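Here come two complexes built around chain A, the first alongside chain B, the second alongside chain C.
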Partner chain A sequence: MDGYAITIKISIIALILSIFLGFIIGVMMTSKNKLINVPLKILLEAFRLIHPLIWLFVFFFGVSYIFNIQTDNIVISIVVFTLWGTFEIADLVRSYLQSLPKSQYESSEALGLTKIQMYIYVLLPQIIIRITPSIVNLATRLIKTTTLVFLIGVPEVLKVSQNIIQVVYNSNPNSYISLTMYLFLLVIYFITCYPLSLLSKYLEKKVSVL
Partner chain B sequence: MEINNTFDLVGIFAKASLITIEVAFISIIIAFIIGLTCSTALFYKIPVVKTIIYIYVEFFRNTPSLIQAYFIFYGLPKIFVQLDSFACSVIVLSLLGGAYMCEAIYSGMKAISKNEKELAMAIGLSRFDTIRYLILPQSISISIAAINNNSIFLTKEVSTMKIILLPEIVYQAFDIISLRADLIVPVIILMTISYLVILIPMTHVFSMLERKVRFAEFGH
Partner chain C sequence: MLLRVKNLKKSFKENLVLDDVSYDVEKGEVIAILGRSGCGKSTLLRCINGLEQIQGGEIYLNETLITKPNAKYKHWSEVRKKIGMVFQSYDLFPHMNVLNNIILGPMKVEKKSKEDATKEALKLLERVSLLEKKLAYPRELSGGQKQRVAICRALSMNPEIILFDEVTAALDPEMVREVLDVIKGVKEEGLTMIVVTHEMAFAEKVADKIIFMEKGKILEINTPDKFFHSPRTIEARRFLNLDDTDAYVL
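Right after this comes the complex of A and B.
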């Protein structure tokens, strides 16, 4: 159960950080300035095209190699999943912001709001409700993808159950433990993710009424 | 494994990329077929089959592919046959992809108005013909973007099959680094390049395909 706590801890920290950063970067991506726009787009494509597993790997080995320091695998996994989630959310924020009618921008300009005021008081409140189902959906994906962190040695639920399997095999080589243990894991993840995906479906229906 | 110069490294990664492409290609096709069948069954609301498909889709969408792979590779041999890692990865990815494809195509089918189904009945098309000429072309045209996304997702997902010892790109990278820690930088660069080489042409082909399939909407 300790392993499960670590899985959830990584997912929640990464999700909260990436919602926060995602909104900031999403707003930045709508800017017309090419100097901000183009690098962000490249980063977005990089994080989407390349699997998080590879990013974990790159960060974990790359950072320790370049800076010659011992990397903490939990910190690294939080960083990677935060970055991954940030860009996913940023892209959502960007697409929703661009779908707002242009008159919103113009009228807030006419009211004399500064750019920051415009985003905080006018634009973001409108998209927050609409974006929630997608974020819940992303949370499900995030939880599922965090299984990968065991590859860089984080003692999360998969690693723990493998240890259990190992121990049981040593005492009794004919046991069905690998079957039951993995089935148990599948069930655990299903129980965690299924309510979330139902929630996202429910929210989607609610939002579509708006 | 002998690694004397960079060419050896490139050779290893080229081979690994081929395996990745092979697995991805086979499983995308199987997944598409599963998706088509399942969504057709859902569309006609066949009583028991509908529930089974619903459970299948939800189960595969809500559990990590990593653990699915572990379950099939290490868990099932206890009660069933031992499969090699290639067959195993294809099975996992096809089932996973099938669930996603089913979702995508079915949402396309739901977008088709009920009138059309009734019209098809009125002009005397058989059930099969209705699906073949009316429902599928339209629903695939609607959901082609989602199907493409799923295919790219599946290709990236091949890298998780490392854990069941499929010798694909990430597996080779880990393998080389565990032998030769000094090669870490070239390995990381090569690994990234291999993925870009596979995925960038893929996205281009898919966007071309999307234009082709949706020509009725684009109008050229």
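Right after this comes the complex of A and C.
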């Protein structure tokens, strides 16, 4: 069960940080300034195209090599998933912001609002309702992907169950432990992800009525 | 001189949209800008509050330059406290109710307290007979009601000039009436206004001066009386359909 706790812990921290940073970066990506826009776009594609798993390895081996320290695997997992989540959310934020009618921007400016005020009071509130289903969707994918952290040694739920299977097998080769364990895993993932999926569907329905 | 526009030039890519436009607006004046679609009247309005960038010329508010950042106006947002604007598409903020739409500006830009801003807002709503809708959301209002709220929103900032950009163009005739009545009321308070409109009768009744534009140039500036009945320029006559001889070509 500890493995499960770790999976959840990593996911939640990464998710919260991603949402916070993702919104900031998303707003930045709407800027017309090429100096800001282009590097961010490149980073976005990098984290999207290359599977977080590979980034996990890159960071894990890269960091210990460059800085010559032994880093905590959990911290690395959090960093990698935060980066991945941040850029995914940033792209969502950017696209929803750009889908708002230009007149909202204009009437805010005509009122004398500064750019920051415009984003905080007028634009972002309008996209938050619409963006929530997509973020819930992302959260689901995030949780499923954190399974991968076991590959860098974090005792995550899949690995732990494998260990358990091993141990039990050694003492009692006849037991159905592996089947039981994997079934157990299946149930845990289902219990975690299905409510999220339902939440997402419910939110989508609410949003489409607006 | 409240507003002075000097030699304004504006192009969209290669298109010259405003060609050496100059005029003055005195405090308390109501100016109607008339002309065919595409003559540059909306663009002219939008240059005054900085929504469009100009490529030449200057604009002065109370003798202070506003088209370039300076000591008095570091940023367009400071100019816009003094120059309000109401758009054709109302553009109320859909996620806020009527009251919050109106108090957002005063609270965040002028740093008024919520109580003060609300008091002012309720007074404004009463003037346009929409007090009972103060907690309604924009989607529950008719076009005419939304436009009246938009006018309140602009008024809440206590601007020195208000710009109206074809505010009745998207409304049904009966809603046009209620909005024009509000604008007439605003005039009676002595507020300076520049109104771009197609409503000729309204322009004739309410404006102190008519500016007639065509193809990015001001062709004629006249009083409504003279403009509508005996304009100086041929283009104005054509625009107003005053010459019957053109009408029937067999």
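Just so we're on the same page, the second predicted complex is superposed on the first by the 210 of 210 C-alpha atoms of A that agree within 3 Å, B and C clash if a C-alpha of one lies under 4 Å from a C-alpha of the other, contacts with A are read in each partner's own complex, and residues count from 1 in each chain.
Basically, a residue touches a chain if its C-beta (ideal position, glycine included) is under 8 Å from a C-beta of that chain, and two chains touch if they have at least 3 such contacts.
This one's a predicted model, so the numbers in the text were calculated from it and none came from an experiment.
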| item | value |
| --- | --- |
| Three-chain arrangement built on chain A, chain B and chain C clash or fit | fit |
| Partner chain(s) touched by A:Y121 [first = chain B, second = chain C, both, neither] | second |
| First, second, both or neither for A:L111, with chain B first and chain C second | second |
| Chain A: partner with more touched residues, chain B or chain C | B |
| Contacts of A:S103 with chain B and chain C, given as first, second, both or neither | second |
| Touched partner set for A:K206, first chain B, second chain C, both or neither | neither |
| Minimum Cα separation, chain C to chain B, after superposition on A (Å) | 27 |
| Shared contact residues on chain A - chain B and chain C | none |
| Touch list for chain A against partner chain C, complex | 101, 103-104, 106-114, 117, 121-122, 125-126, 129 |
| Chain A-touching residues of chain C, taken from the complex the two chains share | 49-51, 75-78, 80-81, 84-85, 87, 89, 91-95, 104-105, 108-109, 150, 153-154, 157 |
| Residue ranges of chain A in contact with chain B within the complex | 49-51, 53-54, 57-58, 61-62, 65, 140, 144-145, 147-148, 151, 158, 176, 178-179, 181-183, 185-186, 189-190, 193-194, 197 |
| Chain A partner contacts - residues on chain B that touch it in the complex | 58-59, 61-68, 70-71, 74-76, 78-79, 152, 156-157, 159-160, 162-163, 170, 173-174, 177, 184-185, 188, 191-192, 195-196, 199-200, 203 |
